[in-house]
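To start, I am sharing the structure in question, which I have written as structure tokens.
We just call them A, B, C, D and E in the order they show up, numbering each chain from 1.
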Amino acid sequence: MLKIDNLQVSYGNIKAIKGISLEVNEGEIVTLIGSNGAGKSTTLRAISGLLKPRGGSITFLGERIDGLEGHDVVKKGITHSPEGRRIFPRMTVEENLDLGAFLRNDKAAIAEDKERVLELFPRLRERISQKSGTMSGGEQQMLAVARALMGQPKLLIMDEPSMGLAPVLVDLIFETILKINKQGTTILLVEQNALAALSVANRGYVLESGVIKMSGNAKDLQSDPEVTKAYLGG
Amino acid sequence: TSADAATKTLVISSDLPLQGSSFDSNDSTNKAIELYLKSIKYKAGKYTVSFKKYDDATAAAGSWDAAKCAANAQAHVANKNEVAVMGTYNSGCAKIIVPVLNQDPKGPMLMVSDANTNPGLTKAWNPGEPDVYYPNGVRNYARVCTTDDNQGSAAAQFAKSIGIKKVYVLNDTQTYGQGVAQAFTTEAKKLGLTVLSSGVAGDGWDAKQSDYTALFTKIKALEPEMVYIGGIFDNNGGQLVKDKVNVLGDNTAVKMMGPDGFTGYPDLNKMPEAQGMYLTFAGLSTDLLLANDPKGAGASFVKNYKKAYGKDPVGSYPLYGVAAVQVILAAIAKSDGTRKGVNNAVFSGSGISIPAKQSVLGKELKISTLSGDTLAKDITVEVIKNNDETTLKAWTVK
Amino acid sequence: MSSILSAENITVEFGGLVAVNDVSFDIPEKGIVSLIGPNGAGKTTFFNILTGLYKPTSGHVMYDGQEITALVPHKIAAAGVARTFQNIRLFGSMTAEENVMVAMHSHLKASLATTILGLPSQRREERAAHEEARALLEFVGIGKTAGEFARNLSYGDQRRLEVARALALRPKVLLLDEPTAGMNPQESSVFVDFVHRIRDEKGISILLIEHDMAVVMKVSERITVLDRGEKIAEGSPAEIKANPRVIEAYLGKGVGAGH
Amino acid sequence: MAISFLKRGEKKQKQSASARKWAISLTLIALAIWAFFTYFFDKTPDAVQSWFQVWLPPSTINESLVWVICALGLNIVVGYAGLLDLGFVAFWAFGGYTAGWFMSGFFHQVNIHFGSMSAKVIPGIHLSFWLVMIIAALIAGFFGIIIGAPTLRLKSDYLALVTLGFGEIIPQVFTNGENIGGFNLSNGTKGISPIDAIGVFGKRLGPFDLGWKFLIYFFLAACMVFVSLRIRGGRLGRAWLAIREDELAASMMGVPLMRTKLTAYAVGAFSGGIGGAVYATHVNGIFAERFNFSISIILLAMVVLGGMGNVWGVIIGALLMAWINATGLPAIGDTFNNTFHTAINFPSYNFLLFGGILVLMMLFKRDGILPEARLKMISHENDDEAANTGGH
Amino acid sequence: MANKSYKARQVRRAIFERTFGIAILAMLSFWLIVNLIKAPSQFAEVTLIGLSNGVLYALIALGYTLVYGIIELINFAHGDLFMLGGLFSAHFIALWFHQTKSSPMGWLVFFLALISVMVFCAGVNVFIERFAYRRLRRAPKLAPLITAVGVSFMIQFVGLRWNGSGQKTWNSVLPHGSVMLGSVKLPYTTLISFAVTIPILIALTFIVTKTRQGKAMRATAQDQDASRLMGINVNGTIAFTFALGGALAGVAGLLFQQTRGLTSYNLGYQLGLIAFTSAVLGGIGNLQGAVLGAILIGLIQGLNDGLPIGLGQQWSQTVVFSILILLMVFKPAGLLGKQVTEKV
């Protein structure tokens, strides 16, 4: 479904991604792990058109999407829930959710989806007309995830969705990931909580300093001693 | 050495703001001077002259700039062959340049202005004036236009003569406008008219403002018979005239009068709201020159100008610029070709006078050897009629 | 153990919303205590009260025997209550060293005049400040980055720099708001030792907000749990772990709490 | 650890050594310029003299220094403390009028002379230039605080507006100041001129002593540079930077916001006042018309164009723009016309050229001629290929 | 105890602020009432004048605030665009279509001009955005600001060339005269200003608050990257905003030129300043705020200029800005802006 080939991305003169290749197949959950500054978020930003790659190609459903504007990438069916929440702080929770469905026109289905995500995060329903910028960190994170779910994408990209969430909610997030995956959404997941990520994923890639160091079946990675030592705190 | 001097080309210069809102007028002045010099083959007596233009405005300021004036003053002195300056346009700029030229070690160097009307430059006005501008003790500044005080007084006298009893005075808050407005106010009070505005020079109108209807609504409530607007047309005068008529009615109902800052603007004359407006003018305006004396020096000059550049000079100052140059040339002709000599020619002996036949201003132009002012105190009272300035009567200041 | 910072009956309202409801709490001298609770429980708000950023609707904050409720934030900071932020707030285009030195503002005595004249006393003071900043950066383990701009540091280093900057205030109390967010489990476990070092080597009391239970349980001497603005439990890590109310409202039992 | 201290120490020493080198070489250049214009200029061939008159007249050099002094002041407010000030012209006006009041015959009712070098003894207040300089700085600094005080609770753009407001009010007060309740504050649009001459070592500087004036203006500008650099490196400078970066975090780190911001205003205004007084002596008069919004904007452009926060950059920016404005544009125009025998009316294109220079500079060298290191980093981190990335 | 003194201080401060505020308001109302009693119909007329100037300012201020709202740029060139709009209208009506007086044909041309000037100014503004500001999206805030100053100079150059250095006066195709409401004169031109402006304001409010495009604008204003991730065409949205702002400046230019009958190359500076002030006064980025601020400034100016007891026009600028500064001190985020406490 998504195929990245020899991708290179730089910030000014700093090379952040030095030629990585990876693949996400339809119906999969793929996770990308690696320590701080490895280039995970950079890769995701390049996929969703926020960064222009310096080299390599990104293909989605057989079409080249590198070089497309961010909004055109979204039109192809990729939704990206970015690092650091990036909610619209001066808008209410409801307005944020509506923006998640900006490209959709099916009013009835949107209302249904909204109902669904509010069911998932009752706290958001409680605060439906609060300005989202005044919410607590974790509440904002819920909103960011909920907003991404409103997009009904073919491929959902999530950058550290569990950051700052209470343990109960972390569980909930991973359950949700599994659930929507079952309903047919392909997922590319970046997580610091590598153990949890690998436990839900089908496959994983380990990124280190802008290159892919290891890849394979999630189960295998989970039991790999090197991965355990470096990322799982084992 | 006089033969030697004769072979040397002497430079005369103009020092005018060539950017911003007075550009068209001053550009026209420079063109007129160039044309005039060409017509006399660049000769002044036995000397050959050439012409150099200085700009005392900057792009950033969009108008005259004090620092640019200071720089120009230095440049005039530093330019070895330069003997006299025609300018400046703004009195403030003259106040900066004159003292520098005055202290020129090879000078003093002569400056003759076409447009400075601030009285303080030549006569006692504010404390210390005019001596503060002549640290050397010798005069080096002359002008071919009359000062604000004369025009203001004449206007007040005229107002009384047509039976006005209550006036309201406005000024554009600038040096010139306040000057005439102040002179008008003082004279009007002396003549027993009721001045409805407060302050020595009346109320200010803010040229940056785009609307004067509120201002005139206030004035209307005081029921004046005449509004005197001291200032220049460029300071949003068009709008002022329009709004006066909008609120107070046309100029037969409540009269309106302005100084020569409003003369020479075809745009103004063509406004329906300007019809019937009185103007004073220190000398004869361009249009009148053509009408009064079609064969005179001024009239033929204007004709030549139109032939050379395809349009009339903008405003009345171009002719005054030429008149100032005539004074300078006469002084050069009379001199030994040095700065000091040229200046002496104006301020000593019989001084300079340009006979009516030659003067582009249509009448004899004589410069006072004591003050440097033109001796002509004649003011023309005009009225705008049929889209044109027409002479009503000549007025000699009492 | 006497307490260094204590909050008495704090209530905070935002419009109609009661974010913190009559919570009392104290930090013992040289203690390490934690504040946990579900998202939106009022933890960060409580921090903001302690540091003077928000003023409580009612209640008092006492520090070192004095009331500080009314003081402006910079005075509270200067008095020795330091904090880090949930969303990192470094001075991005200043170097790491400069970041630390900013926090020394209240200790330094140089005036405008002595600075301009460059009097020896001022220079001596600056030199000492540089050295102290260096030492603090070494202490938190990022001595190498002193000359780098804060925004260029990696996420984990930024978190450490925030701590170094807070320490430069020479605080008696240090408040840390989710310091391990965005660190991987490996780094988090290193962090636990670091917290102990701060307390042991510098004698600073520490209050921690954290969602990573592995960290909280290892580091805290006492834990307070907030839920919807109310204090629902308080006790040792073992007690809290076993408290059914806490488990229901906060901990859950799935993958998230698994390590 | 010891090693890194050593390195740092070395670096510091190197830095201060290079700063000293800068200072010494600049002083030497200044002295050379002074000597050249004071002693040798008249003896150079006419061609050289006229070249200078066209391309680099001494009065333009002096004027540029006035701009430098004011731009350095604004740089403290905008570049260091990050407070957008759109009304800096107000301080310039205060400084100018201080010179007008205390160095001329303006207050003709009284007759106070103190260390002044006026040519003739006329009534009025005539104080020594150096004293007036200090008074001007203090008056402007005082008003800096007055203006700063109500703005401190405001966020950046509201603050910009309030400063803009003061920048409009104060010149209008001077313009209408001929009669404020019967008191003549400023002589209105007629302005105050001439101003007393500057005295140095018992010598009265006349209109042609440009070399000496240059030396004095240079000295004052150098003082401003010195003060800027010193403060920047110290405790206060760091606090300003921190406030510029993140006000809230700064206050949580013990930086008193009000005091620190007010100091920035005061120090900035202080140099604005000096600049104003210097300006008055340079043009030998003070005129209310001059103090309009465009001055504030040009000053801001100088600071940004030169490289916000970098003293040397700001100096270059100020020198360059002042030169372009006063001499560059006309000189280029004249030379073009003379070389190609054209009669293009260049002054009428000046708005276009001036505007074009600003736009092109910003598009292609947006962080200024000599960018401050930190600024450079901010504005390029997301450049070109990363044109769409998220700013953090 | 210390807490009490804190509370007491809070209260004292609040009392002081309130008394001070009330004192100022009292002084203002006293001034107004004295004038009202002294000359009631003059008061009414002057108020109307202030209002009609206010709506004109509002049109320009809206353009300012729209652009500011979306990219936080103080667009100094906006006033000059308005000036250009006036010049375009003058040429369109008087020189290209030779209409110099009120007639059915004049009206027709007026409406043609309205559409053309909106398109013209929108086009110019979009062009400027594309080539001057777009490259500077990520640059420090002052870079686009200085660029705007440069653009302002360049537009003034165009104005200078097109209009000449002086001011030009033009005949209007709008009817002269006025209706009398009792003893109060209500000029037709004022009525027309209202008739054109009010529908435009309503339409604009609708676009920004109710449409998809408006939603995109508000999102883009808060976070461009996040907006991209929602599928919003950020460049398109910003261009659209500039087009809207330009069109408004065009309308203002036409109305000004037709009601005031004046063009001048440096007109944009002053009105731009007023518009900026209005926008900030109302709470920058807030549409209703901009309108409120503009009308308030129009009123203050009108009342100060036209009331029997007032400081007079030469102090207008000072009065406007003094009131502005006082207001800012009490309402630091503008009249309709909300002071947001930062959440950390």
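Following the convention adopted for this analysis, a residue touches a chain if its C-beta (ideal position, glycine included) is under 8 Å from a C-beta of that chain, and two chains touch if they have at least 3 such contacts.
Predicted model only: the values in this text are computed from it and were never measured.
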Path length in steps (a step moves to a chain that is touched) from subunit B to subunit C: 2
Chain whose mean Cα position lies farthest from subunit E: C
Contact-richer chain pair [B-E vs A-E]: B-E
Farthest chain relative to subunit A (centres taken as mean CA coordinates): B
Inter-chain centre distance, subunit A versus subunit B - centres from mean C-alpha coordinates, in Å: 76
Euclidean distance of C-alpha centroids - subunit A vs subunit D, Å: 51
For subunit A paired with subunit C, centre-to-centre distance based on mean C-alpha positions, whole Å: 30
Separation of mean Cα positions, subunit D and subunit B [Å, integer]: 35
Residue list for subunit C, restricted to those that touch at least two other chains: 44, 53, 85-87, 89
Residues of subunit A whose C-beta touches two or more other chains: 49-50, 69-70, 82, 84, 86, 134-135
Subunit E, residues touching no fewer than two other chains: 153, 156, 160, 225, 228, 269, 314, 317, 341, 344
Touching residues (chain side subunit D, partner subunit C) in the complex: 1, 4-5, 8, 226-227, 230-231, 233-236, 238-239, 241-242, 245-246, 248-257, 263, 267, 374-375, 377-378, 392
Contact footprint of subunit E on subunit A as seen in their complex: 48-50, 69-71, 74-75, 79-82, 86-91, 95, 98-100, 102-103, 133-135, 147, 151
Subunit D partner contacts - residues on subunit C that touch it in the complex: 51, 53, 72-75, 77-78, 82-83, 85, 89-94, 98, 101-106, 108, 110, 112, 115-116, 118, 122, 126, 130-131, 134-135, 138, 143-144, 146, 149, 151-152, 165-166, 168-169
Interfacial residue positions of subunit C with respect to subunit A in the complex: 14, 37-41, 43-45, 86-87, 154-157, 178, 181-189, 211, 213-214, 249-259
Partner subunit B, residues of subunit D touching it in the complex: 46, 49-50, 53, 57-60, 63, 66, 105, 108, 119-120, 122-124, 175-176, 178-179, 187-191, 193-194, 206-208, 210, 279, 282-285, 287, 289-290, 292, 294-295, 298, 325-327, 329-330, 345, 347-348, 350-351, 353-354
